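Reading through the structure tokens given below for one structure.
Letters A, B, C and D mark the chains as written, and numbering starts fresh at 1 in each.
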């Protein structure tokens, strides 16, 4: 145990937590925006898989990481348009149409991978970018300020999402259509347009999450996400639809995971119970919620299709 | 103002179909500058439908709409808003989680795009507040506001958008008498400033005092138009319902028997944890109606929920139903003890809109042997029972299999009443039993309550309609700031005296 | 992709592979597909992969049998029970089943298993020799199957070579991100050589690449993942066992025997990466280990 | 009448459009789409044996789907099918390991009941967490899915592993072959069609009866539509929320038991992932439930359809050598199209001039429930 409390191991654990948290954070922030507008998207995992594949494929073909990020964003937007049409215009049951997107993303990314790539080939990974001065701060410099640009973006999006939701007219519209679309409609706010826009933003961030995941790893595999998108959705509930809370959830989840891995590596967790230890992130997340004992209400119109008739 | 005619609004030949219903049939309706034009009619007569068409929420199947003399297409609320039409809906159109300023700013262009300009909005709200006497704190979250305050926010929203034609669909249904008086001062002033107002209400006293003109709808058709000085409440009632209606209930003498419901030192906290009911004791006896009068927000809701078992009481208190202590039991067992409960809000508390009328009628007693045999529902019996109740209570519905959501408010209320009264409760807790209900239905409900009293039910009637409380109650308890500050017998209860008590003025204070 | 790769036509032998994961996973499934394709015979090969679920695999196996395929490889232990049902219905078909250590008494079933601990041992010898910190990290999936054998062999050798070995089982065969972080954790704990097994290790190899840390592979040749840092891979050359089975079949024996691939029979091969310089001492130590395992003087500890 | 025709036709058309997409993908992969369709059809229905295989594949989907309808009708989302399947499988496996000698007529019902209990517990946990601790069920069911995989892996490679696997050193994480007395008897000889299929169909019928013919279901639906009204009427909201997820979970748990005792392997085995054991029935069951309009009875044919697609996919891959993930993608597309189609149907109904827009009033109860999918899951 004492091995764990050495500065270098703690720093590494923290850095690992930040890396693990990055895709969750991006996807969860996107889902937060969508849910605040009243739209549940269970398809995050599928969007992440598609964007992860296409951005990986872009790097494989062009070697251009930034193009890959743009491609991921584009995949997110395309899936957002699709999801927007299904949920906003066709008023489909959201919980389930999201699962449709998930299944499609799972199958299609796998199919494309086998067709276009086959055997996993490593590609360039996202470089870490040191932030001048801050990167040299002992202990926190490495985990916090020697990360990739997508990680910085993910964390920068926390206050930005807060501002978007709480300080802009668009955010006001989002919150109102998520709580009482009839009221928003009666004031001339287009519920359809607002939700559609929120879905687009949400899916774009899911797209970026896929890029963050695959470009941090530098390799793709069928079902690369292993259900990360679902965890991202769960973290929105953990964070009670607040960007800061969502960040807390992503960090907690990442930190428990990273700690468990460190402890396995150090032999603190014996091999015989390594699977049991693998349950820790989920247990801690639920446990934390029980202890917090919050009664935060979901956006009142969450999952409810709106129509005037 | 307008040269051609004095009409701000003209609706001609408006017709609107809903599945199985003609909600408006060839309706002509107009509003002049500077007048309050009242729409009157039974539940389901088509009043809301007509004004929703005006506001772009529904599209008329036939008919024309002229605004300021010009033909207009209004296909969405934003069209209506930009034509300076404002609407205060029958159900509040507020986002409870947002602040007053945010609710007002919603949908309006901001001067600081893309950011909101809530400071400016707040300032403007304060100006409007001052100008019209509509006090409200712009930075307060709407969820924390009283019903009256919410109503004010709705009006501010319309004024903020500079509405020239203002529609008020039953704005007074949930207001206290004082709030109604205040509102009317504001509305009158708005009309005097040249705005046109459409007013909808079931309360004839209000209609007579506020309106310049009155149009009466029945079954979607205009059946008459008049002015207050040419008519009377009785005549209006006759026009609406098509028959004579007794406006104030008559309470025949009745024998009062044993205590059925008793509260002893009951204190209850509200959702924010402060004491809403403060050490209240009273009892209601068989064959008696005890009315609770009070301005809303003085603990009536909490005391009702405490009696119904929906809210826990503080440890020292005691609630007994038919002599047994129910303080710690749940709603189910209180109902088993003979409690009937008509909640304050039909939806979402009293009925399930998605359920059929029949299902709502068995919501409480769905598990009795009458309806279940060998674990399974016997639909024949349920259907028989429901049809009986529908006809007994005069519920206007195509069938017992109709989803309750497509019934008018008054008819939903009748469904709830039918359910609760048919169980022959020994104790009946009736909260706002006629809120939003037309006079015909209200008369009917009052008669049923009186009938129940004659059958020996102990009724606790909680209502903000002072006429109703005074007309129906053997005794009237006045609640003020969580306490029962006076109990007067029905005969001694005069409007003015009770009104003063409701404002917290007790007799010892010199007038 | 996973499409057919025929090495002949006409009246040639037909073979089918039913494999649990992707046929190009650089691991278990690929090892079999590569091996069949490496057979020096006139064979038409069909592949159904991604059938971990026994029912799916059974449908495919039966389908191939009904189509008259001559030799069907059921490449997964869990398919055994299905074979017991299917094989008796198709006495002319040869079923090849592994990894397994017996044929369930079926006379048209051959069984096969790898001695994965042997390659693990050789890799471990080399790993301990090139490690400077003396700490080696292992990234495993679930503590099961041939992963355990490989890792046990590796640990035995590396510890004998004076190294400390930290083993992490991530709990998943597929979670690449977790495998990458497990590798990171090992690096944080001063490991300077890494190895691992199963398809999710591609994530860990990426971490090794970035850190410039040598990597040892198993099941398939993983040199393509990093031509500079992959030191050696233990590769399953099932074709040696397969060839023997086909010969038996040619001679009328349709099954009933069990094969192990190991260093001795050439079924297991330690494929060194020429791109990674190893000193002669180390090479000699590896060769000694191989020889020792073959002659039985070394106990791999598995 | 028009409503009913459209009601049946539109999802069918949607499925056709989805298949057209599948054909495009096949062409892109260089395969003949007609051969592809034929392969799927042949693989799913080509022989009695394959029909039986399709029915077996549909079995867990029916069970999970029927459970989903109960949960969704109570307005709780159950994404925890995977964990509940695993829970049911584990408990029934333990029972079979513990009582191998019990005669079949006792052991078979016992393992099914154990499955129901195991799954029920894993449903009741998120239910109780939601009702009594305000933990959202989407979060808790997702987390429980993750936890149960690890727990299964732990048990199957540790306490429950086949001793032979340790002895032989192969260490496949699987139990020993479980007692034959627990095996679900085959109903149609020479095929895999076993008792589990009938159990699933019966369970779906029971779910239907519970929901619409009993006071229990009445309360669940009341809570689903309006917890406040239910509460004021004296219905215990918390208990019913817990109950809904418990029932939903126990049906999934039965699916878990059937996956073990209806399999040829007659044992539990893991590849380390949940899907390796469940073949994602926990998710596909949701799809089946949706496809069936969140109606337990319609879940049966709809699960059969998806079962057909899944079995057909094996044949597709085998015959045309296209990756089976094509079928997965197709599956997703079908869901997307069908889910979108209910609005199209409403639109068609109105534009074709049927004034009875909602088609509710005089239609019988069942018809209404099928037609109103889009309104249900609030």
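Here is the rule we go by: a contact is a pair of C-beta atoms (placed from the backbone, for glycine too) under 8 Å apart; a residue touches a chain by one contact, two chains touch by 3 or more.
Given the structure is predicted, the values throughout are model-derived calculations rather than measurements.
Path length between subunit B and subunit C in the chain contact graph, taken as the least number of steps between touching chains: 2.
Chain pair with the highest count of contacting C-beta pairs: A-D. Centroids of subunit C and subunit D (each the mean of its C-alpha atoms) stand 35 Å apart.
Note on chain placement: the centre of subunit B and the centre of subunit D lie 45 Å apart, centres being C-alpha means. Those residues of subunit C in touch with two or more other chains are numbered 1-2, 142-143, 171-172, 174.
Among the residues of subunit B, none is in touch with two or more other chains. With touch defined as above, residues shared between interfaces to two or more other chains in subunit D number as follows: 150, 153, 157, 273, 323, 325.
Contact between chains, as defined at the top, is found for A-B, A-C, A-D, B-D, C-D. Those residues of subunit D that touch subunit B in the shared complex are 209, 213-215, 218-219, 221-222, 225-226, 228-236, 355-358, 360-362, 365, 375.
Across the complex, subunit D is touched by residues 1-4, 16, 20-21, 46-56, 58-60, 62-64, 77-78, 80-82, 84-85, 99-101, 113, 141-146, 148-149, 171-174, 302 of subunit C.
Against subunit C, in their complex, subunit D makes its touches with residues 43, 49-50, 53, 56-57, 149-150, 153, 156-157, 168-174, 177, 192, 263-267, 269-273, 275-276, 279, 310-311, 314-315, 317-318, 321, 323-325. Contact residues on subunit B toward subunit A in their complex (touch as defined above): 55, 57-58, 76-78, 81-82, 87, 89, 92-98, 102-103, 105-110, 113-116, 157.
Residues 167-173, 175-176, 179-180, 182-190, 300, 308-309 of subunit A touch subunit B in their complex.
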